[in-house]
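You will see chain A twice below: alongside chain B first, and alongside chain C after that.
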Partner chain A sequence: MKSDHARVVRTRVEFEGEITDELALIQGDDVEAWPEGAALEKVGRPTPRIDGASKVTGRARYTHDLRLPGMLHVRILRSPYARARVRRIDASQALALAGVRGVLHRFNAPKAAFRGEETIFRDEVRFVGDEVAAVAATSEEIAAQALRLITVDYEVLPHVVDLEEAMDDASPRIDEKGNVEEAAKHERGDVAGALREADVVVEATYRTSTQLHNSFETHGAVATWDGDLLTVHESTQHVFGVRQGLQAALRIPYGKIRVLCENMGGGFGSKGGVGKYTIIAALFARELGLPVRCVLDRGEENLAAGNRSATLQRVSVAVKGGRITALAHDSWSNAGQGRWVADPTGPTKGLYDVPNVRARSYKVMANTGSLSAFRAPGYVEGTFALEAAIDEAADRARIDPLELRRRHAAGEHDPMSGLRYSLKRLIDCYDIGAKEIGWSRRKPGGLRGSAPGTRRGLGMASQLWGGSGLPPAYAMVHLNPDGTAVARIGTQDIGTGTRTIIAQICAEELGIDVDAVRVEIGDTDSPYAPISAGSLTVSSIGPAVRLAARDAREQLLEIAAGIMEVPKTELRMQRGSIGARGALRSIAKVFEDLQNYTVIGRGARMPNPEDVSMKTFGAHFAEVEVDPRTGEVTVERVVAVHDIGRVIDPLTARSQVQGGVIQALGFALTEERHVDRATGRVLSTSLEIYKVPTVKDVPKIVVRFVDVPDTEANNIGAKGLGEPPIIPTAGAIANAVSNALGIRVRHLPLTPRRLLQLVAAAEAEGAGGRGAARPS
Partner chain B sequence: MLGPGAADVAFEVNGHPASVHVPPHHTLLDALRDELGLTGAKRVCDEGTCGACTVLVDGRPTYSCMTLAVACEGRSIETVEGLAHDGQLDPVQQAFIATDAYQCGFCTPGQIMSVVALLRANKAPTAEDVHRAVAGNLCRCGAYPGIVEAALRAARARRR
Partner chain C sequence: MKPFAYARPATVAEASRLLGRGSPAIAGGTDLLGLMKGGIAVPERLVDLSGIEGLRGWSRERGAGLRIGALTPLVDLEEDDRLARSLPIVREALADAATLQLKGMGTIGGNLLQRNRCWYFRDEAFPCWLKGGIRCFAADGESHYHAVVGTDAGCNRVTPSDLAPALVAHDAQVRLASARGTRTVSVADLFTDPALHRREEHTIRPGEILTHVVVPEAGLQRRGTYRKAMDRKAWSFALVSVAAAARVREGRLRDVRIVLGSVAPIPWRALEAEQAVEGTTVDDAQARRASELVLRDAVPLKDNAYKIPLARELVRRALLRLAGA
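Showing the complex of A and B:
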């Protein structure tokens, strides 16, 4: 008999590089993971998305598409100053405009807590784009017109927007304690000693730029009240997080809030919880008694909806006797107005077996919009710096850079925790990738390009990430009398195909077709599921779904045993039927006498094992062609190899890897937020100026998986794949360019202008004797 | 408000006559989404850089956010909602599903309309042709490899 009682357990969880012990409520017992080589019929098979038809017909409804009767529209007045005190607001003219229903600002808005502050309209606005007032009107156009009729009296204050300027003691202080704050530090071994005794020491400074998410569906919410019940539709990665944020802001019970997200047009980390726009929509809707829509436009999206921090990083690598003996990494990240910061030193601490490591990471505040998690926050920036420095060290020590990494990649224990890895196939990733890209062609100093004057290079970088998932997560599976099923779970699909993997797992356990499973997600009235971020969706909800389906199956078998008069242990469920030694009966037939009965299965995500370290690993290899006369870099091929445990759906997994590589391509070569230092204005708020990759920029991408289940991690043997493919691409490209030209790439994005400057600098240095910029 | 007031505009949408009453500065995208409830075409940039709002106007792929509704008088508009017939998806739609040519799906309606227009004009496009056809359709999720594959696959399916 299964133990149905709920109990609280302690579990080790990892979220975006942070490991913490948490309490989780669980129910029931776990089952063994499907072993390697298990004969599975649905899981592991390429499965087109079950919601594909809704996406290709335009039927898929996104928050942007919602039109409710009587719905009002909100536009937000944003600060034109990087820092200012809001002294007075006169909204009388705006309110007099026909169609305007209300104006909210700091002098009339009710208190509503948001990220540690008491109100959503600050008295001191701290970046260009900070919310100053909001107008609700019968159309967006009228609301926008009304914004121009609001007069605000600002007292302008000194500001600083640039990372390195903000670090300077002479710059304006945004916070009394100063602009720079230590965020993380780690030290093991004797770094100073290793640096002293090394054969080769590389010490270099790396810079990465602010990347903007530019989710295609901008942030937004539609709020409506039915009496005291608040319903919010929001484009979000975490419906339960939005509910929690609304509860805190409005001080109403959870039972009176329902958050829905049927489909979302991308998030990439930036849609982790409630937004000010959500609270504004809810406040207006309550006050005005009508549905209210508050959706950001593209410009606002790029001002006030998060970003990946720009970084300044110093990395030292010591090599002695053909091995890396020490790594030192100091990193500063521009958090803007953010209250946290990602840690770019994560990969330095945990990726390679290196005995002596020192890492320090600092948060720097500035008068720009808050950072938010952006797909592998910190790890994308940090992996570039670390892997570029390791390549530089390998070149100087005259060791093949892949070979140097191999010497530090086979360790079976996590250098941070000392725990054994549940599964680590990094060396396999190297073998597969090296063969696929033709690594043996790589020559120090690069190869001749396809056209006269061009150069060709190969580069690679490794990837470390978590992605083992975490409790709590719960699922319910309803099995209908005709053998179809409905799975309910309060997760959401950020675009990775979550519904499909749920259906596959369900179908696998129930022995029914994937098509026979309907999946209901994106609703806080369903069982709790965690945020769709940190590569933890599949590994958190998948095991719960499996247990829920299994619970339903066991119950049905129990019923069938009675009806068929066969012991339950002899019954099998497959292909929509229940059978025992020759006798086969369809599920519908078993149900026949039971009237309109539904079997309800429940499952909970069990705690993570305590005694192992569960990580994802991978390696990307890039081949580039570079024209040193134009500064143009053409990435011709990227080979992406990942070790993420069992792959549930190879079709959607491939898309995720391609998508990660392409987003990283933008980070490496074209994407950069430009902010005017004098005014603090963001100049690159449109997709015209901010360059995301187009179809023509995309290299040939080869995707490979090691695809061995991590049977210790959880009962489906799968880990996450959201972030891994964005992590090592920029490092691989930078190293390939360095290989092609013999010039070190230390500043991303590597725009033609930056590359030409590097070429010019190297030539100038070369004129005075071959300088340090070239590999020896 | 200055300028001429709202006007009646009549056109054909997905084979059916439609009329809207819109101010002269409203775009075709406004009319489709807000007046006709056809929300397949998406508003992503609203300034002609992303292609998410692509529809066919007299068969030509067009950024509906850059096209005034009043300029569509008498024209034939096709949107993603009109591609399937009798529950049967268009080969391009089928190919998008088969190759997983999307992630979040927000750019998908625009991508599909660009590919549909290409395949009508060119029965046997090369990958290069597909690149040119969807060069004006951005995808932040990076679904491009699947999109190109889908276009080629749909072309093959059509030829059979």
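Showing the complex of A and C:
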């Protein structure tokens, strides 16, 4: 088959910890990956963000900045009850308010499918913050005022919001089948036997709290209709996902929908597709014939924009003869009203070579906002529990915790699939990190702190994640007569530096400067690219961009060979010039007689290789100082080492790791959604109470990469880095605090309140309190 | 937010006439605007005090103590080296308060008169006692940040101000002016005694304007120190704070004040601990013994028992700091 022809292939892909076989349409042929040590001029070089200046000077436009002529503003009326039936809505007073243009609610809104439901306004609202009605008005203030004029007759129903209460059979049932549903299970070997025969068994319960994304830019969309063409600007991680959601909701063809996202202020997994706010904006815009903006405020962002759910986890570790012989992990996640649930047992199943493993994970429904993907969903929570339990086991077995992990980290085959790893440098991560943090200083029981009464500790944890990317993804590269290029691909830059990476890869293949490449992304009128999530952007689109640039280059060289009367095989493109044997002529010069032309290069992401497991690995090491009398934890230093294949831009990679560590620091120490159980109202609806780390909380972060290309994975040898850096930090910090105090940390975030409770409980149980302190 | 009128009077007398129920004063607005956005304050009219001359800056005259204009931005107080020599505790208390932006807008008067941060109080959906309802939702709800002592009226709010305990420890006063005249009350008495069961956090009367904070000479003779525990390292209201001050001569502490923030609806004097160290030279053992007298009457709620050992530890450290240095 001529490979230029489009064809459908079946390929193994991993997304958010789940591996599936998918069909993908591809065309063209792949090229060999750049080998290790290849002399690359752009890729792998520290490259400042090509859009950095526009962002720091405020020129970059975000969805929030958009103001179109005549634009209306939407505010959403949200349920004040955790569970209620909407019996009647009277919006007449709201409609009578000057400036109000329309009100939508369940009794007048057109049908619009959303995530398996037929309408966006439910008859039974199921959490505080669920959408009840929406007002469009000439200003946000008028729309907000109008919300107060809508009267809703609710029949209040019994609810439950807390994870452990929802698991209790005595609590109200939200679903006829019960609130608890099995989500994943895995068993290998003989766990019961290994537990029975072990020298040491640790069995402990771990809890993590609900973490909210709180992106700088809240969720939002601006919709406008030009005849029957709908244009939506949205702060999203997937313009094509939004298009698909709008197509399903409004039943209009793809050709009549254009979704744009020029810049966005973060998503962290919560902006994976269309939102109810998008559909509301589109419905109002169609009905009223004006552009409509629907942007959530910070309070709504904390109520109804997704979360990393609270978990309850039980982990057992068996050790015999200095090795871990069994792991058992049961986990329950509060999915709220979410349909999907993450699997915290993923790391337990796949991180270490352990022969006997049992893992079960359950989804628990409750009357709270929906769980949504949040940067390494499940793995952040699960890695904390697993790595804390392994440290407990190591302490009990009197083995250095890093040494115990080493004994299970060198395997060359994925314990889940049995497949050989394409590349695994976890041991290298340990070596680099241990040296950098000074692991040899670690003592069981910790070290003296810098002030009287304070303690110091070291801890570490490992990271497992996918990130190998997937088809389909398509790129186009246009070459201009002067040797500049435009790369066009329907991906989006969610703040991770995607534009810069594309420019680097393009410039590398074309032998031109990074500055000579303009990158056009964030538009569904460009070739398809996948969601920017699951650490898959670079490894999905990068190879397609390389092929597109290469295609353009080959075409140009073909023509140049004719013009220059030199065999094509002798021609090279470098530094904006074409030449053979040292004689270089600028591209513009070579084609000066041609005046205008466009060379169009095309590239598609090729299928993933078969019979190989592609993962990212890493390890974080933390040094903490703890004041057991005030409950204050100070993270002094985090050493973050990652094995992600080839690093495309060391600058953006470093900031990616710093961001992950900081977000994990919040998960470990400060961030927690507080909910009033009696009413189901979220109490922490502002950034005053929902505490993300401040610059004073941030430790010194040392970032290191193994930086060996994974030449089997794809033609650029790179894997993803979006999620790996948030995965092991909390485990490393918890283990460092446990080391410092000799008290086990089993409940995050470790606020001063929880730490003081742990210290008090340990003192009540007698000296040391090792392993005795109960989490609260 | 409901539309409201706005007035910017030029004199205290004019402002006083404009102030009243539904007509609150606004200075920096760092608290009031949040209350308005949350629907907790729904003013008909805001009376902006910024046009009144003479309420900014500070002065110290021999014998008359220290006088600080109520509209002085917090950041000016924090950064003033001369003020830091006269009353070092102000800089110490402001160092971990809020953020630079908030301290740029916020004023010392507003800091003392800010309303409490209880998450039930600040959510308009909860008709709590302080807002005219019949009960405290924190009493059997989520009480991480709430009071452990002094909650006679059943309201479990705590004072959020960092400056209030510090100023109480130095026996500071406030001048309250109105069209009818001026009165002076201690900062301690600016806060409503919970035992009175009044649904007000402050004793300032309608029509009154807090014009100055005055620290008398006796208060300035004390050495003071401030300790604050937070659940992150910046931009957090205190979990517990402690201001301690005393005259220190030859190592002995006299006129000792130990004032706790964020444990009670008012800045809370630890009287037993004060007495225990009065006239003594404080050593490690004595600081510990005195600190154990702190909050002995406390009755914690479901989530806030941690505040008791935390307050004791901060008191212990504050006393050692006072006695040392």
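Following the convention adopted for this analysis, the second predicted complex is superposed on the first by the 762 of 776 C-alpha atoms of A that agree within 3 Å, B and C clash if a C-alpha of one lies under 4 Å from a C-alpha of the other, contacts with A are read in each partner's own complex, and residues count from 1 in each chain.
One rule holds for everything that comes next: a contact is a pair of C-beta atoms (placed from the backbone, for glycine too) under 8 Å apart; a residue touches a chain by one contact, two chains touch by 3 or more.
None of these values were measured; they are calculated from a predicted model.
Enquirer: Once chain A of both complexes is superposed, is A:R67 in touch with chain B (first), chain C (second), both, or neither?
Expert: A:R67 sits against chain B, while chain C stays out of touch.
Enquirer: Output check: A:E217 vs chain B and chain C. Expected answer is one of first, second, both, neither. What do you get?
Expert: Only chain B is touched by A:E217; chain C is not.
Enquirer: If you stack the two complexes on chain A, which partner ends up touching A:K696: first (chain B), second (chain C), both, or neither?
Expert: both
Enquirer: According to the stated criteria, A:L95 is in contact with first (chain B), second (chain C), both, or neither; which is it?
Expert: Touch partners of A:L95: none, neither chain B nor chain C.
Enquirer: Report for A:M264: first if it touches chain B alone, second if chain C alone, otherwise both or neither.
Expert: First partner only, chain B.
Enquirer: Any idea whether chain B or chain C touches more of chain A?
Expert: Residues of chain A touched, chain B against chain C: more for B.
Enquirer: Applying the document's definition of touch, where does A:T57 land relative to chain B and chain C: first, second, both, or neither?
Expert: A:T57 sits against chain B, while chain C stays out of touch.
Enquirer: In the superposed arrangement, does A:T670 touch chain B (first), chain C (second), both or neither?
Expert: second
Enquirer: Using the touch definition from the top, say if A:I563 reaches chain B (first), chain C (second), both or neither.
Expert: After superposition on chain A, A:I563 lies in contact with neither partner.
Enquirer: For A:I662, decide between first (touching chain B), second (touching chain C), both and neither.
Expert: The answer is first: A:I662 touches chain B but not chain C.
Enquirer: Taking the two structures together, which residues of chain A meet both chain B and chain C?
Expert: Shared contact residues on chain A (touching chain B in one complex, chain C in the other): 688, 693-696.
Enquirer: Which residues of chain C touch chain A in their complex?
Expert: 1-2, 117, 119-120, 123, 125-126, 137, 140-142, 144, 229-237, 239, 303-306, 309-310, 313-314
Enquirer: Applying the document's contact rule, which stretches of chain A touch chain C when the two form their complex?
Expert: On the chain A side, the touching residues are 80, 141, 144-145, 629-632, 634, 669-670, 674-679, 681, 683-685, 688-689, 691, 693-697, 751-753, 756-757, 760.
Enquirer: Please give the residue numbers of chain A that touch chain B in the complex, ascending.
Expert: By the definition above, chain A touches chain B via 48-49, 52-53, 55-62, 64-65, 67, 213-218, 263-266, 268, 297-298, 494-497, 651-652, 654-656, 658-663, 686-688, 692-696, 698, 701.
Enquirer: In the complex of these two chains, what residues of chain B are touching chain A?
Expert: 33-34, 37-47, 49-50, 52, 79-81, 83-84, 89, 93, 96-98, 100, 102-109, 112, 130-131, 134-135, 137-148
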